[in-house]
């Protein structure tokens, strides 16, 4: 109880908790769940974008996309490392993903259907992710906070690249290209809003996480910030957002927006989105198909170690 | 506007395109691993190699386009050339195969690109020399990375040895082409643009033999196969690769990306 | 000339395209088996089914093109439409999978097409009725052929039962879409062009249940999935399929084949 | 010896030998080898053409190609049946193919690189095949002769379709299409001439086969007939054949043509052509991947038979 009080006091004071520090078991568990879920999201998130690398329409865009997807893999790597500092191995976390126990961001259960989806993912999905993640740079757990600083920097860069690619198509492209962009925005807008999670009233875990400084703003607060930031960007692009109720509310000093289809949200989170099964199968297949490689690497290392000892 | 273009048959263009295409096509195959690698670190490493090769391809195609005289840029050369005008060695376009195949091919390609880029640093074309100076550093890392895997898998488990042996046997018939020489090579040697591919063989042999020895793998016997990607005669895989790669620019005439 | 076309949003066109596209896309997937079947007889049978479906697709697309009013022919509709204007149910575009998956899908598709074509024989559009009269005979054979295989594999070896069970489970989420109804359906019912897809469900259920019973397989539980190929929202497989299918006409503007 | 003399007399008289008739072991063996090789060629020949079904440039051409490749499968089926009348099972023949003991026509070891290859295969490859096969409709072994009659009829149809598709491109197509056709002809011309086999002087088995009526014309005779028939068709198409020595010889009343690259011929026959390994691997993979299907079908049949007996 004394340790717990000391811990709570450090959180209160805004101290960073480090790997070697004592922490309550529930804090540790909550963090592992959150960080590994975030790591899994980066890894699964490589798939919808990776789907377009071989079809990127210019070599410059191909290079940008390839680098972006690589960055996501890199984020996965830091995040797994951050979670490992809490005593759970990467293999354990992957096993939780592959067996369906662990989640990843539900947004990646939607398919990328056209090239414009790549730009829109950069703009809206990375945009929403940043909105969620920036506060985590001040999260109470040091290794996570430091990983998030680096990740947020790179994500901002991706978001700008995504937006820029849309701007190029909307400003200089053909009518067919503009239609592509509008269509992609129509498909990704609502799922992006869902990325902030259920409404606050339906988000029971939030309070404890807020108290521990693992979460800094509520789902609805973040969602509103995102809408407020994004609407002017949409206007600059010259596309419309698929929400008839979206309008500026001078009184609230915020944009009002329409009702989210929570049925869809829960359906997709619950495993019945368009790509849930395929995404997980793809990851499991990559892992299973690679088993012989991992075994061979171990076997090689053992052989050489034995030989070195014998020599 | 989406009709195919035909590059010039100038000797310097015909010398550079096979190199640029080799990098582009191998990069394409490597990028197919994205999200499907046996370990996350390899998703990053293969992506990184794909990115380096893509950069090399862009630089070489840009230079070839300048020399060509028809003002083709890298994208026109990549996206509006038909298969018969793509000049990469056939080895580069073969499907990605398993991880052993990918690493074996990466090793073969790097052992070929390294001496090629090394000599191209002294190219009479200053642009080419500058591209080579950057590329040589990248390819040195690619070679090392692939060599480590070939050793690890060749001298790993029973299964990995079997797979690596199979991969080498499948790839070996395509090796001849990397050192076949033609009139284009002769012209490049005369002008100082670059070496004849045939002159790269001793270095390739030495580098490969070293890795194979370390991996405790036998070197496959040479075969009399004749492939001629450099003349635009490819395998049946190439058309499918290009259908995918070129689909967007072909479907959106006048598109600005 | 290779720019994409946009079909009209007329109700009759929007009703016919999903059917034509379903036949075309399933035919494409079946034709991928050519030369790769487990027995020669199946190379012939799957090729034959692919050919029938292709014929049905051509007739329906031709008719849709006539009704559309923009003088699009079957080839323009097939080769110059973007993914978002292809309206087949998503089930048809899924990769061919193993032989169990292929036969399970063929059964599901035939059990859907058979009552659909049967009712379309009474279409108020005489052309459509004539197409249906021919198609109904073909699809009856397709259904029988697929049913035989589903029974054989479902009640075959341990492995085949496992594979068939997996195939059914993988396909089941895509079934809802075959019976989803929209405004287009309502208009087709009003005009007598054809039935609402939702009305086909009882016949589909009965036919499937009969085969599953004979195959000693459990019917998978229904799922709440919502796919909307009929609104042009596809899976990630569709773009790759179209990149292949459309590659030539896109690359040869003005080509005459 | 007496039976042998009677057999030879029947051959001499132009009688058909039937499955139930006595025949010399060497005759049987030669026929099984020839018919099964022909069957394998049909099956392997489905691959290079099948490669273009999903990319046919019009729905009509797609239907024609699909039907054609199906016909080839059908030819394979009759031919395996004809060979089975000689006491060798299809599985035995397939095993010989898959293990590399049996051959198939070497022409299929070349890749189909463009759509024009499909037309050119119809015109030249099917044309050469027909030239080889028409005499076999009078072959001494009845089941084979009857299969060949049906096959030749269908092959002629394929050849006309192939030629017609080339004619369409050459007459009504764009410059790019015409270049496709010329290029395909350049690549397929010499391999087509090689389809008639080695020069007579290097073809030791021919004589016995001629005597038995399994073969009716020599390789060189057939090759000359093919060249004579094809040159005017090429002129009508408006393409050139890649042979500077090709010219009419009024004295011989035949076209003269240049020297065949027999090194290439023997290299490809010997297993080192562009696609030998892949073709065989593809067939073996199809067979191996299908093993569970064939086993399941047998297992199902057994189950139901047992149940029928028990009932």
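First chain written, first letter: the chains are A, B, C and D, and each begins at residue 1.
Please note the rule applied: contacts are C-beta pairs under 8 Å (C-beta built on N, C-alpha and C of every residue); 3 or more make two chains touch, one makes a residue touch a chain.
Since the structure is predicted, the reported quantities are computational estimates derived from the model, not experimental observations.
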item	value
Chains touching both subunit A and subunit B	C
Higher-contact pair (C-beta pairs counted), C-D versus B-D	C-D
Between subunit C and subunit B, distance of the C-alpha-averaged centres to the nearest whole Å	40
Separation of mean Cα positions, subunit D and subunit B [Å, integer]	36
Distance between the centres, which are taken as Cα means, of subunit D and subunit A, whole angstrom	57
Subunit B, residues touching no fewer than two other chains	3-4, 82, 239, 243-244, 247, 252-253
Two or more partner chains touched - positions in subunit D	55, 176
Pairwise touch network: line, ring, star, complete, or other	other
Pairs of chains satisfying the touch condition	A-B, A-C, B-C, B-D, C-D
In the complex, subunit B residues that touch subunit C	2-4, 82, 239-240, 242-244, 246-247, 250-253
In the complex, subunit B residues that touch subunit D	3-4, 82-84, 170, 173, 223-227, 233-236, 238-239, 243
Touching residues (chain side subunit D, partner subunit C) in the complex	43, 46-47, 50, 53-63, 66-67, 69-70, 73-74, 76-77, 80, 115, 165, 168-169, 172-174, 176-177, 282-283, 285-287, 289-297, 299-300, 303
Complex contact set, residues of subunit D against subunit B	48, 51, 55, 111-114, 176, 183, 187, 264, 267, 272, 274-275, 277-278
Subunit D contact footprint on subunit C (complex, rising order)	24, 28, 31-32, 34-41, 43-44, 47-48, 50-51, 54-55, 57-58, 61, 74-75, 78-79, 98-99, 151-153, 155-157, 159-160, 163, 244-245, 247-249, 252-257
